[in-house]
């Protein structure tokens, strides 16, 4: 459904030699992430990882199922609320709190998805947007979300009862762990028989139906998976910032994650990571400057759509160097 | 059950049947009171002038459209209100009038996607892609049988129109359907492909029921055991090709005065 | 006092009327959205921003050039229409050949940029815009006090909506426009200057949004946020009405305005979400929307 | 003495949103003025002021605050307009043992249940507004009220404080309706208020919302119909935005008015030169807060949070903002508030000459008795 | 016969792929010429390049004394050239009637709506339904009818018989003959060789983006071998 001139295929090496190169790149990337807190402000890094995971989860839906959801903030922010509430009010340990967030997001995803997959393309986008906005208003008025104030001072607690997460280094490695697990799950889903069917549905839905695939169920399953993984990101974000607020359920947040994905490269596994990195850095940089973030965000959006639809990673894959390294893609 | 019984009696059994099928679009009745029996191991042609309702009948039978009236039975089960994917899983598979492939997948993958479902490899989101390797041999065999070996690894979008139609037939066969519905399978095909596809159809019909819409009368005459002629949504004539083509009403409504 | 469902008649009718006024804005905005979508297959996320631009143009005209409401009612839509035309010519046009989702994303960025710029220049707080003298004051209708200006909004928006509908559905221009949406190249090969038509369409849609903006200026303050506050509700209106149906957009606009108004009487807490709830219900029952064709 | 060679103050508030005029960039100027007036240095090290826009989002605010403390060596954060932001940053600062002085937010929670040893509330609060504006209208015979309330903590707090005050004084609350933040159309809420028959319609909201409600009330002939509007949180900045024509006759409560005496007028003019507008209580309050903070550091001989907090509680506040103000155990700075009335256009003699001072409300009346505030820092 | 269309050295590209390699052909005023060739040899591309839909082209296209290479697409029709695409291009948001009235008349002498409805009674019957709700054959009729109204001098017709019932094919053949009598020039792309032989005056044979043969209808029988080679008939 989504434009097919994009880099659709997966980060899949086509030859033997590039595998080595790619493994080296992957290892280097991991090493970088492990060492990063020595050089950067850990809270910033954690924020980056949360959003990167969010964008990857979102990309599972957009890049690999062709569904543009304009309402993913509902799952991200919703999970943040659920986790925050579970940890703060019920006193659950962080790992269980996050599970509550994931389950809540999946549940929300099932409801919103059930309604939205009745329509396709642009309608789907608008419906998810509207339903997420409805959830936003729900959060605005529900008791447990504490309205505009949000759920504040959420305790980070002790992981498995003994790792003190209020230490920011501990928290960082916890977040990193969750991030890696999340991305690994996404990778597995994409490169699975199920992922293959998702791809075929995106390519030609009617044909998939005539081959006997219940397209709605597959779409819904992908939607719920994406929502659950988004919930994972939202849950850890609530712990990192000890906060759950309306910002995370607002439609601007849904827009932001689209931007991250678009900027990084739709349909590339690691693109969203770069997109998120760029957007988060930009926001951090501009947060204390005069210039409104929205103007820059808006302009980046326009430029991306007009000129770099493949996104950073997508453009790289298609560049000469990228091809040499075996990242070549059709189209 | 009943179907199996009838076969023992020697007569080819009815696998798909429609009774009193009707479909309205607004005030317009596109299909009216159509009774149709499709038999195992036979090729059944549905012909008729443009706009007679052939594609609509296909859509009704495969549940892509809901009938306004009438019933449809597949292998003894009433499928009148069933969802299209469910019907496909029961073994009723169709091709489309306008070619339907997965354009950005290779020919091999197109076929493998079709093979996944009958082999129970569709929902496993936790398994690696290599789980599908077992399907490759079967897929290659299908590809070879329709003569697409050379294009095995090309992207479907790069194929010519006719080759796409051939690929579509291959994916359809991958499901090993019990009933095959083909909407103008030869349309847009070069002469070289028509004969081959006809041969494929003849072969698959040995153990399956085939219902096809086709305007190429030479194909119809050589391939089909039974012909139903539709006109204005209603059945005008039925029988084998010789009888039907001799019917003066059919000649005026469809074939014209001379053989085209 | 006469009561309806335990609510004073006066309050009931009053809210009904206010619903109609809100509905006027929903209708005008969803009409513009429907036209742009119907013809360009672009979901114009910048519609809210263009509505805001209309109001701001009126305000700028007044505060810098002393040009009042009535001229602004014409000048501001023209100006915004022109801006729309330029955007279409230089940027939007490159996206037609792609998935319509890119149009949505592009206009989303556009909306952020425009709104951000106006926030930067004028702050987020609203600028006052006085009701034109000729329409100031109100009349007591017996059951409520109707500000004359709001009455004017209802009447004027109805005229504009019906007029636009007639142009699109009943004229040759309209059929060119509709055909061009589907297959611009072919229509062009018939001898029709399609690129120009598309520019015109986008300009028209933007101008309609701006017109709504000028109409809104005296009622709400002129604020950079006014567009983003309303746009998503208008999206829901369009989904309920059935995308691409122009009549659907208009009728649903008024209907949902009234529905929202009535919710404010009976269950004010739900007034924010009532339109979305209606949308969900409609989706369950008629996925194509009330007036939409099946797709 | 001062840690890391300088004293750094952060001014964190809304600079582009609905409260941008209420406090905004001008608060930063006010802080700079205070630093200059103090001499630019304390304990021999330079004083630095930085600022950021939190866009009215508590999470953004708390992120910035965290980063300021963690990476920028900020010693205290002030202004903090909006209750959610105020509470969030105060909670974070408590953890980090850093001083916050809130001049922009209204909720009494800051010095109530959620009070902090390091958190101070300077300019005004919802209780003061209730006593001031609410009290004045009750005295004038407004004994039945209907509230239009912003649907979040600040609104509830304002409605509750005012409602209680009305009831204590023999009045009744006939109803209320909650509206979301940044509502554009108040007409249906106003109609509800109108048909309720209440004598006073209390606007328990702020900024743009209040201005819009006032404007639309005029459109629907509400004041002509005999009902009164009580803009419970309304300052000079909003009056300026709305214009005297629409705002005339409103009663409101502020902790500061530039044209009250010579000293305030002098300060006002200086402020005007730098920002292009006259200060309201948030701006003047921020000036006062920075000044008091620097005095406390000097007295304590250190910028350590505990030491400074102790001195802040001990030192009296005497400056252009407050006369004989004193900081209570719960962190509330208690000072006089003023009941003001917006002039008619023809009464206004110069630009920004907007108010008549109706009465001075003594601090002890305006603010909650610390012992009854619910703050557990107060030894009873 | 005076040539109306003269194409020389026409090259055309889709993106990077070079499809036409120097096509030369002439169509005389009032002549009906058929372009034969296998799938994918570039027949459609030839028509689209002449019309100007494919813009990436080089060479000369002389139509009634003017080179069309520089004429923008929306002006070409006004020179008297009408195009009926392979995929028919019926508009779903327009009713059959609106579809019919859509192309602006570019010259006098086109058929009237009544004449058209007489020719295609199906269309009359379905005139108020949305265009794409017609069956494939009905859509083809509508596509032809649409151009007949405009009064163009020359039609470019891409596979008009594809997917049509024999009766309809016959009727279309009759229509083409009628048109020829009225002086219409037609360039026809056709796979249905038998049909083409009934209506055409002359044939071009195309292979790999070039013209590989040309002969009048009278020589058809003697050219069968060559056709066999190229078309595999």
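For reference, chains read A, B, C, D and E in written order, and residue numbers begin at 1 within each chain.
By our rule, a contact is a pair of C-beta atoms (placed from the backbone, for glycine too) under 8 Å apart; a residue touches a chain by one contact, two chains touch by 3 or more.
These figures come from a predicted structure and were not determined experimentally.
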Which neighbours do chain B and chain E have in common? none
Between C-E and A-B, flag the pair that has more C-beta pairs in contact. A-B
Using each chain's Cα centroid, which is most distant from the centroid of chain C? B
What is the chain whose Cα centre is as far as it gets from that of chain A? E
Centroid distance [mean C-alpha coordinates] between chain D and chain B, Å: 76
Length of the line joining the C-alpha centres of chain A and chain B, rounded to whole Å: 42
Counting only Cα atoms for the centres, state how far chain C is from chain D in Å. 37
How big is the gap, in whole Å, between where the Cα atoms of chain A centre and where those of chain C centre? 32
Residues of chain B that contact two or more other chains, please. none
Would you please write down the residue numbers of chain E that are in contact with two or more other chains? none
Quick check: what residues of chain A touch more than one other chain, meaning two or more? 137, 140-141, 292
Sort out which chains touch which and give me every pair. A-B, A-C, A-D, B-E, C-D, C-E
Residue numbers of chain D touching chain A in their complex, please. 16, 50-53, 57-60, 62-64, 66-67, 70-71, 82-84, 87-88, 91-92, 151-154, 180-181
So, in the complex, the side of chain B touching chain A is made of residues 62, 64, 83-86, 88-89, 93-96, 100-105, 109, 112-114, 116-117, 121-129, 131-132, 155, 171, 175
Okay, in this complex, where on chain E does chain B touch? 38-40, 122, 126, 129, 133-138, 140, 162-170, 191-192, 194-195, 231-233
Residues of chain C defined as touching chain A within the complex: 37, 41, 43, 91, 94-95, 98-102, 104-106, 108-117, 119-120, 232, 235-236, 238-239, 243, 269, 272-273, 276-277, 279-280, 283-284, 287, 295
Residue positions on chain A within touch of chain C in the complex are 1-3, 5, 68, 70, 115, 118-123, 125-127, 129-131, 133-134, 137-138, 140-141, 251, 255, 258-259, 262, 291-302, 304-306, 309
